[in-house]
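The two complexes that follow have subunit A in common; it is paired with subunit B in the first and with subunit C in the second.
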Partner chain A sequence: MARSLAGFLALFPFVLICGAASLFQPISDSHRSAALELFTPTHGSFKSLEETYEALRTFEVLGIEKKPDVTATACRSISETLGSLTSTPKDLFYALKANSIVKCKINEKTSEFFFFFTLQKGIFTRLNAAVNGASSLLDFYYSIGGLVLIKGQTSKADVYLTDAEGVFRSVKAFSQSDGRWRYSSNNPESSAFAAGIALETLAGIVSLASSEMDQSLIITLKNDVSKLFDSIEKYDVGALYFDDKLVDGREHQGPLSTTSSVVRGLTALAAVTAGSVNLPGDKILGLAKFFLGIGVPGDAEDFFNQIDSLACLESNRVSIPLILSLPSTELSLTKKDSLKVRVNTVLGSNAPPLTVKLVGAFSSGSKDASLVESQELKFDAETGVHILSNLPKSIDVGSYTFVFEIVLHESEHVKVYVTGSQTKVPIFVTGLIKIESAEITVLDGDLGSIETQKKLDLAGHNAVSLSANHLQKLRISFQLTTPRGRAFRPHQALLKLRHESKIEHIFLVGNSGKQFEIVLNFLGLVEKFFYLSGRYDIELTVGDAVMENSLLRAIGHIELDLPEPPEKAPRPPPQPVDPYSRYGPKAEITHIFRAPEKHPPKELSLAFLGLTILPLLGFLVGLLRLGVNLKNFPSKAIPATFAILFHVGIGAVLLLYVLFWLKLDLFQTLKLLGFLGVFLVLVGHRILSHLAATSAKVKSA
Partner chain B sequence: MGRSSSTKDAQALFHSLRSAYAATPVNLKIIDLYVGFAVFTALIQVVYMAIVGSFPFNSFLSGVLSCVGTAVLAVCLRIQVNKENKEFKDLPPERAFADFVLCNLVLHLVIMNFLG
Partner chain C sequence: MKNLSFLFIFGISFFPLLCFSFDPETPTDRRVLVLLDDFSLKSSHSIFFNSLKSRGFDLDFKLADDPTLSLRRYGQYLYDALILFSPSTERFGGSLDLAAVLDFVDSGHDLIVAVDASASDLIKNIATECGVDFDEDSSAMVIDHKSYAISGTEGDHTLIASDDFIQSDVILGKTKIKAPVIFKGIAHSVNAANNLVLKVLSASPSAYSANPKSELSSPPLLTGSAISLVSVVQARNNARIMIAGSLDLFSNRLLRTAVQKAGSPDKYEKSGNEQFVTEISKWVFHERGHLKAVNLKHNKVGETDEPAIYRIKDDLKFSVKIYEWSGKSWETYVADDVQVQFYMMSPYVLKTLSTDGKGLYHASFKVPDVYGVFQFKVDYLRLGYTSLSLSKQIPVRPFRHNEYERFITTAFPYYGASFTTMAGFFIFSILYLYNK
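Up next, the complex of A and B:
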C-alpha cells in the first residue's frame, strides 16, 4: 500500500504535464544520436539511392560530423545509375538528389568532366523526353525534379524547358477545386500529399522556365495553396497538420509524410516566386509545432520527413517559426530557481535579437485575473537564455500556466519570423512545506480533558506509544505553511490505522486554514473497527505533486481497549490474499529420513563373529574325540558317486540360499530350488536306499 | 557332614551319568554334540543382542531361530534314530536322516528369506 501510494505521488506530475503538453522543444542532441542509430548503412552502403539520399540529407541538416562514410559506394552507385540507359526517371531523380549532397568529384578530371558533361546531356535529353511524354503527376515530378537538380549541379545555364507554360498547365490540370491534387487525370481521388508533390513540381517548372511565367498562373496557384491550407487539421495543443482521409488505403500516406510533402512544396514554391505566399504565420508555426511534437520518431523515413520539413521551415521565405522552450518547467521556490526561457528556431539555432515578456500567470484550473504584472525577462547573451531570476511574490507553490510573449527588436525581422501571439506553458512551482506544531493527543470523552499529549516531529522519526479505551478520543493536528507563508492544502492528507490483523482504516484529515486536525471518537468507531481491540499502527500521509517534502510516516502505535462484540456485530472482512502467496513458490518440502540406528563398534561385532565359530570348533573337536570316521562311506563306484552327488546337491542348495540372501529374489531362488530339489530327491533316495539295504543285509546276516 | 555327603552323592550321580552315557551309540553322541553346538551358537547370539541391542531384530531372530530350529530338528532325529526307542522301531535311520535334511532345507529357506 505504501509503495503504491508513493508511486502514485511520483506519477502525478507527469500525468499533469502530459495532460496539457503545449511545450515544444527544438531539435537537440537526442535527435542527432537517434539519427546515427536509425541510418546505419549495412555493409558500407544503404539499400537504395533513395535511402542514401534520406540519410545524407538528415546528417547534413543535423550537422552531424561523424557520419558513416558512404561516399565511395554512393558515388559508384550514382554513376552506375546515371550511366545506365534503362534507369527510370525516378532512379535518375534520386541519383541526382544524392549527388547534390555527396558532390561526387566527377568534375575534377577533364576526361571525366567531359564524360559527365555528355552524360548530363544524355540525361537532360532523356528527362526532357520524359517530361513531354509524362501523363501522371509522379512522372512530371521525377523528370522535372531531375532537371532542376541538373541545373543546380552545373554552371551551365542552358538547362531550361522549352515549353514551360505548357507543362505548367498540364500539371495544373490535375488540381481540384479544394486545393488538393490528383495523381493522374483518370484517377478521381485527390490528396494533400499529391498537392505537395505538385507544388514542388510546379516550383521546378517555374525555375526552369526560360522566360518569365505568366503571372496569372502563379496567382491561381497561390490561391490553390490558401485553399489547401483551409483544410488543415488541428490538435488541441496548437499543432497543425494535413491528413488524407482516403477510403482506399493502397497509397495512403500518414499525416507526417503528407504534411512533410506539403511543406516541401510550399517552401519550394515560395523560393522561386516573387512576392510572398499569403499565409498567416500562425499556420507555419502550427506546422512547426506538429513536427516538433512528434519527438524522436523510431522509423527512418519518418525521421527524414521530420528533419527535412523542419529544415525547409528553417529557411523558408514565407515565415520562419521561432520556438519558445523551457529547459525545466519545474521551479523550486526553496532552491530559488530562476525562470529560464529559450527561444530558438526549429533546428535549435539562435534567434534574432528579441525580448521575452511574461505577460501573465494563472493558477491552473482557475480563470481569475493574472497573478503577475507584465514583465520582461533579462537576456543572458552568453548562454542565450532569457532569465527571470526572482519569481514574483504572488507565485506560491502550485501548478500554473505562464503566458509568454516574444517581441522582436527589429521591424524587418517581424516580417521574416513568426512567433505566435502568446505561448502558454504549464509550470510547476515546488517548495518545501513547513510542518509545525504537530501533536497527537488522547482526550477523555465527556469532558474533553487531555489524557496524554505528545509532540511529533514529522520530519524525523517518531515512535509514540499510546493507549485508549472506547470512551476516549484521539486527536492529531499539525499546520502546513508554504514558503511564502500561506496556507497549503495538499492533495493527500490521510491518517491510517492498521490493526495487528492487517485490517486498515483510512481517514481524511480535514483542515481549516493552516490548521489540519482530525479527531477520532472511538465510541462511534467501535463498529467500524469490528470491536477489534489491540495494537493499531498509526501512519500519516501528507503528499502533493508540488510539495518537495511529501511524507508517508509511521508515527507509532495506539493500544485500543474496545468492548466485547455483541451477538450480531459485523465480522471483519477477509483480508485480500496476497497474490504472491497464491501464485508464488510453495514452501519447500524437506524430506525427513529416519535417523540411522546406532551400530555397535566394529571390533565388538567381529569378536562375536569369532565367538560363533568357537562352538563349531568345539563340535569338530568333539567329533575327533568321539573317533568319528568315514568307514561307512560306500566303496563301490556307483553308490560312491551318488553319495558325492548327494553331498554336492546339499552344498548347492546351501550356496543357493547364500545367493538368495545376497542378491537373488524369492522367485529366482524357488525356480532354481525346484530343479535342485528334484535332483537332490533322486540322488538322496538312491544313496539312502542303498545304505538302508546294506544295513538290512548286515542285520539279517 | 551332611554337606559332604551330598557332594559325594552328587559326584556319584555324575559318575553314574557319565558311565551310562558312555554306553550311548556313537551316532547319537554325534547328534548330541551337534545339538550342543547349535545351542551354544544361539547363546552367543543372545549375549551379543544383550550387549548391542536388538537392531536389526529380524536378523537376530533368524540367527537364533536357525540355531534353535536346527537343534530341535536334531533332537527329533535323535529320537527317531535311537534304537532303544521302540516307537520308531520300524523306521529306518536313513529315512529319518532324509527327513532331517529336508526339514533343515525348508527351515533355512525361511530363515534366509527372513534374514533381510
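Up next, the complex of A and C:
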C-alpha cells in the first residue's frame, strides 16, 4: 500500500508540469543557458571523469559553442586513469567515454602513438579479462562498454570478443520473463533500469562479435524488449515512462534515469542489429513526450539523462519522433493573429517535408461536433512554420481544443518518423468584447418606477453619486458582445459594494443572452449590510481569460440610508488592521511634575525680616531710656565667674539654636543641649542662689 | 555484536553534535528538514535549494510519508527549521503530525509551507493554525484577468504577476524587487483577529479565487486585495512562518522565466521570484531582522555606578545596546525610533532614545515626583523585526527629611522674629539679674 502510494506521489509533479503545458516544446535556448549554469567546472575541471563525460556530452548534443575549456585537464586525468594499473573497469569505461568526446590529441604524435597503442593493448587485455571474470551485470556493462569504445577510437579492427556468443548467453541469463533484468544471479530483484543496461551491453557484444551472431538469440532479445515495453507506464497527457517500483534495497532510480537507461539500451540495440525492433511508434513518441515534459531539470544528472536520451531518440533506428508545437496558444481575433504550428525533432532541428492539417476544433467542455472543416496549413519555408492565416468564421472568442494531424510527404519517411496520429492542443481565442448600453438606476420600491438613471461609460472614467433608502432598489445593466456579434458570458462579472468601514459585499451579475443585469433590493439586504448606513463605493469587475479588455471600474458611490439596527442584529466582522499603523513609535510622554508651592516675592520676605528686627531695637532703646545698669553684678571673683559662665551658657544655647537652623540636625542639637543644660543648671543654681542670698541680706538689713 | 557496540559508541560520541541546536547567540537556523511529495522536486526546485545550501544550510530531504520521520529525539529537536513542500500529503510518515509541527513552531523553530491546487486538509490545517485560511473550494485557483503574466501558452490567466509587496526592508531586503513575482496557486486570507500574520504578497484588486474551468454559481469568497498570495507570521517567541499559496513560486521554471505583466509595457528578463524567495527565506531563517539588546544600563547624571534606588526628581541617564544578526555576526543596529518607558502601572515617561550610530541608544530624563516601584521598559515592536521586550525594576523613594529646602526666603521673617526674641531674651536676662 505504502509503496503504491509512493509511486502515485512520484508521478505527481510530472503530471503538474505536463499539465501546465500539455503542449510539448522541443529543446530550446533555455536548455542551453541552463546547461552552462549546471555544468560549471570548478578550478578548470569537473569532479570526476563521469561528470566530465556528462558535461561534454550535453554540450555536444546541444551544440554549445562557448563551453568551458576543460580539454587539457580532462586529457591529463584520462591518460592518468588509462595508464594506472589499479583503475577498475568502471574508471576505464568513463575515461574512454570522456575521451570519445574530448578526442585527446595523443594519437597524433608518433612517439605517443606507440605509447597509446601499447596502452590500448594493455587496456584491451585487461578489459577482456574483466569480461571473462565478470559475474554481475554492471561488470559486464563496464568492460564491454570499454571495449566498444576502444573499437570506436582506433582504426585497427582487431578489437573483438573471441567468445561473443558465450558472453551473450551469460548476460542473457540475468533476464526475467517480464522483460526486466537482474543485476546479478544472486539478487532476485529485477528492474527496468537494469534492463536498459543489459540491452546496451548486449548491443556492445553484438558489435564486438567477430562473426555473425546466432539470429535466434537476437530474436529472443527483441521479444524481451517488447515485453519490457508492455510494462510501460502512462500519464494522461500521452507521456510514457518506465519506473522501478523497488524502493528498498538498492538505491532507487527515479523514473527519469530508468527511462533514460531503457532508451539508451534500446537505441544501441537497434543500431547494431539488422531488421527493425518491433515497437509501435506511439511508444517512442510517448517516451519523447516524457523527456520533453520534464522541462529544464535543475540537477546535472537529470539534465544529462534528459538530453542524452533525447539525442538517442533523435537519431535512432526504430522511429524518430516528431514534435508538434505552437509558439503561442493564445490567438487574438481582434489582432487577426494567424495560427502558427511548428514541427521539429525533439532537439529542435527541422523535420522532413510534411503537411500539417487542422482536422478539428472543439469548444472546450462540450462534446459537440467539430466546428471547422479539415484544412491544410500553409508551410512557410523561410521560418519553418506552418500557418493558417485566417481563423475560420465559426471560431469565436473562447477556449478550444484544436486537433492537428501530420502527413509526411515521402513514403519512406513514414517508416523512419513517428508523428502520433492526432495532436490535441488547447487554444485560447481572445478578442475585444464590446460593452454597450451600460446604465445604473435607482428604482422605487414596489412600483419599480425609475427614480434616477445614469448612463455609464465602462471604458472610461465614471463618478456617479446616487442615494437610496432601504425601500429602493439599485439596478446595473450592460450588454456584452463578441467580435463576431454573439453574446458573451465572462467568467468574472462581479459587483462590489464597499462601505466606508471597508466591509465589502460581492454580487454576481447574471445574464440573459447579451443583457447583463443585477437588481439589488436593499430591503432584503439590510441584514447582510449589517444595517450600516453611509457611503458605499461601487466597483464593477468584468473579466475573462479570452476577453482582452477585462475591466475593473470604480463606478462611483451610493449613499444608503438604512434603518437603525434592532438589538439582535449581527455585528459586522472585524476588519484586518493595517500592519503599518500597528507598528512604529508611540507618542512621547513627559511627566508633569507637581507645581512648586507659591512663595511671596523675596523682597517682601526680606522687608518683613527687617520689620522683625524693629521690636528688638525698640526694646534696646526702651532699656537705654530706662537707664539700666549692671551695678548688681557680683564683685567677688567666684560669683562673678559663675555669672559669666551662666550667661555664656545661655548664649551658647542660643547659638546652638542658630546652628540648629544652619546645619545641625535635631539629634546633634539635643545632645549638645543636654550637656549645656546640665552645665546651665549647675552654674545657674550657683549664681541665682548667690543673687538670692545677696538680696535676702539686703532685705533683712 | 561488536559492530553494534561500535555503533553505540560512535553514536554517543556524536550525540553532543546532534544536540547542537537553535541558540540565542547565533539565531540563524542550520539544519533544515525538507519534506517533499516526490524527490523530483529536488531537481525542479533546485535553484531555491541551492541558494539555501550556498548560504550554509544543511538540507535534509525526505519524502513526506517516510516512516522514519521525526522532528525530535530524546527531547531534543533534530532540526532548526522545516520546509513543507508536500502539498498533497494527507498524513505524514513516522511520528510527525499536525501537533508535532505546531509544537516545533511553538518551541521557536521556523517553518515554510508551500501549497498548490492539490493542497490536502492536513497542510491547510497547519496553515489555519498559523492564522491563514485557504479557500475552502479545493478546485479554486487565483485568477486575475487584469494583471496576469503574458506567457503565450497559458491562456486561463491563473499564472498571475503580482507586485503588491509589503513595504518592509527587513522582510524583503533593501534592494527593491523590480520585476513582478509570478504566482500560480491558491488563495488565502489572513485571519483578521490574528495580528501576528502579515500579507507579504497580495493579489491585485481584480483578482478572485475560483475554479477556472467552471462557471461561477455564487460570488467568490475571496476577491481583490483581500487575497494574500504569500503571508508570513512572526510568533511571539520569534518563530517565523511563511505560507505560500503556490509551490511553483519556488520552481526553477518560474524563477528563470521572463515576465511581462498584462497591460504593462515593461518586460523583464527574469521574474522577481528568485529575489523574492531568496530574500524572504533569509528573513524566515533569521538571517535578517533578529535583534538583541544588551548592556541595559542606568545611572544618575554625573555618576557611573548603577544605584539601587532613585529619589524623586533625580536626573538619570539610561542606555542600551542593540545589535542585529546578519546571518554571520552581530552588527550594530541603527534606528531612530527606539523608545524607553519609565513605567509603573502605566508609563510615566516615554522617551525616544538617541543613538550614536554604533548601536548605543541613550536618553536622560528626570525621575517623576511619584514614588513607588518603577520599571525601565524597552518594548520594541517593528514590522518584520523580532520583538525586543526588556524591563528592569527600580524603586523610587521620596525626599528624605533633610533633603528638603532649608533656607526658604519666605520663612525668614519667622526666623528673624525668633532670633531677635532670643537676642532680646539674652540681653533681658543679663539686665534683669544685675540691674540695680
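Please note the rule applied: the second predicted complex is superposed on the first by the 535 of 701 C-alpha atoms of A that agree within 3 Å, B and C clash if a C-alpha of one lies under 4 Å from a C-alpha of the other, contacts with A are read in each partner's own complex, and residues count from 1 in each chain.
Please note the rule applied: a residue touches a chain if its C-beta (ideal position, glycine included) is under 8 Å from a C-beta of that chain, and two chains touch if they have at least 3 such contacts.
Just so you know, these numbers come straight off a predicted model, no measurement behind them.
When the shared chain is aligned, no partner comes close enough to touch A:638: not subunit B, not subunit C.
Contacts of A:550 after superposition: subunit C is touched, whereas subunit B is not reached. Of the two partner chains, subunit B is the only one that A:622 touches; subunit C does not reach it. By the touch criterion stated above, A:34 is placed in contact with subunit C alone, subunit B being left untouched.
In the superposition on chain A, A:673 makes contact with subunit B only, not with subunit C.
Of the two partner chains placed by superposition, subunit B and subunit C are both touched by A:600.
In the superposition on chain A, contact of A:650 is made with both subunit B and subunit C.
Of the two partner chains, subunit B is the only one touched by A:689; subunit C is not.
Look at A:583: by the touch rule set out above, it reaches subunit C but stays clear of subunit B.
Residue by residue along subunit A, subunit B and subunit C are tallied for touches, and C comes out ahead. In the superposition on the C-alpha atoms of chain A, the part of subunit A touched by subunit B in one complex and by subunit C in the other spans residues 600, 605, 608, 611-612, 615-616, 619, 623, 628, 650, 654, 657-658, 661, 691. Interface residues of subunit A facing subunit B in the complex, by the touch rule stated above, are 597-598, 600, 604-605, 608, 611-612, 614-616, 618-619, 622-623, 626-628, 650, 653-654, 657-658, 660-661, 666, 669, 673, 677, 684-685, 688-689, 691-692, 695-696. On the subunit C side of its complex with subunit A, the touching residues are 37-47, 50, 63, 65, 67, 88, 116, 118, 143-146, 152-157, 166-167, 184, 190, 192-193, 195, 198-199, 205-206, 208, 210, 212-213, 215-216, 218-220, 223-224, 226, 248, 252-253, 256, 313, 337, 339, 341-342, 347-352, 365-366, 368-370, 381-383, 402, 408-413, 415-431, 433-436.
Those residues of subunit B whose C-beta lies close enough to touch subunit A in the complex are 26, 29-30, 33-34, 36-38, 40-41, 44-45, 47-48, 51-53, 55-56, 92-95, 97-98, 101, 105, 108-109, 112-113, 115.
The residues of subunit A lying in touch with subunit C in their complex are 2, 5-6, 9-14, 16-17, 20-21, 23, 30, 34, 254-256, 294-299, 302, 326-330, 365, 399, 426-428, 430, 489, 491-492, 494, 496, 504, 506-508, 539, 541, 543-547, 550-552, 573-577, 579-580, 582-591, 593-594, 599-600, 602, 605-606, 608-613, 615-616, 619-620, 623, 628-633, 643, 647, 650-651, 654, 657-658, 661, 665, 687, 691.
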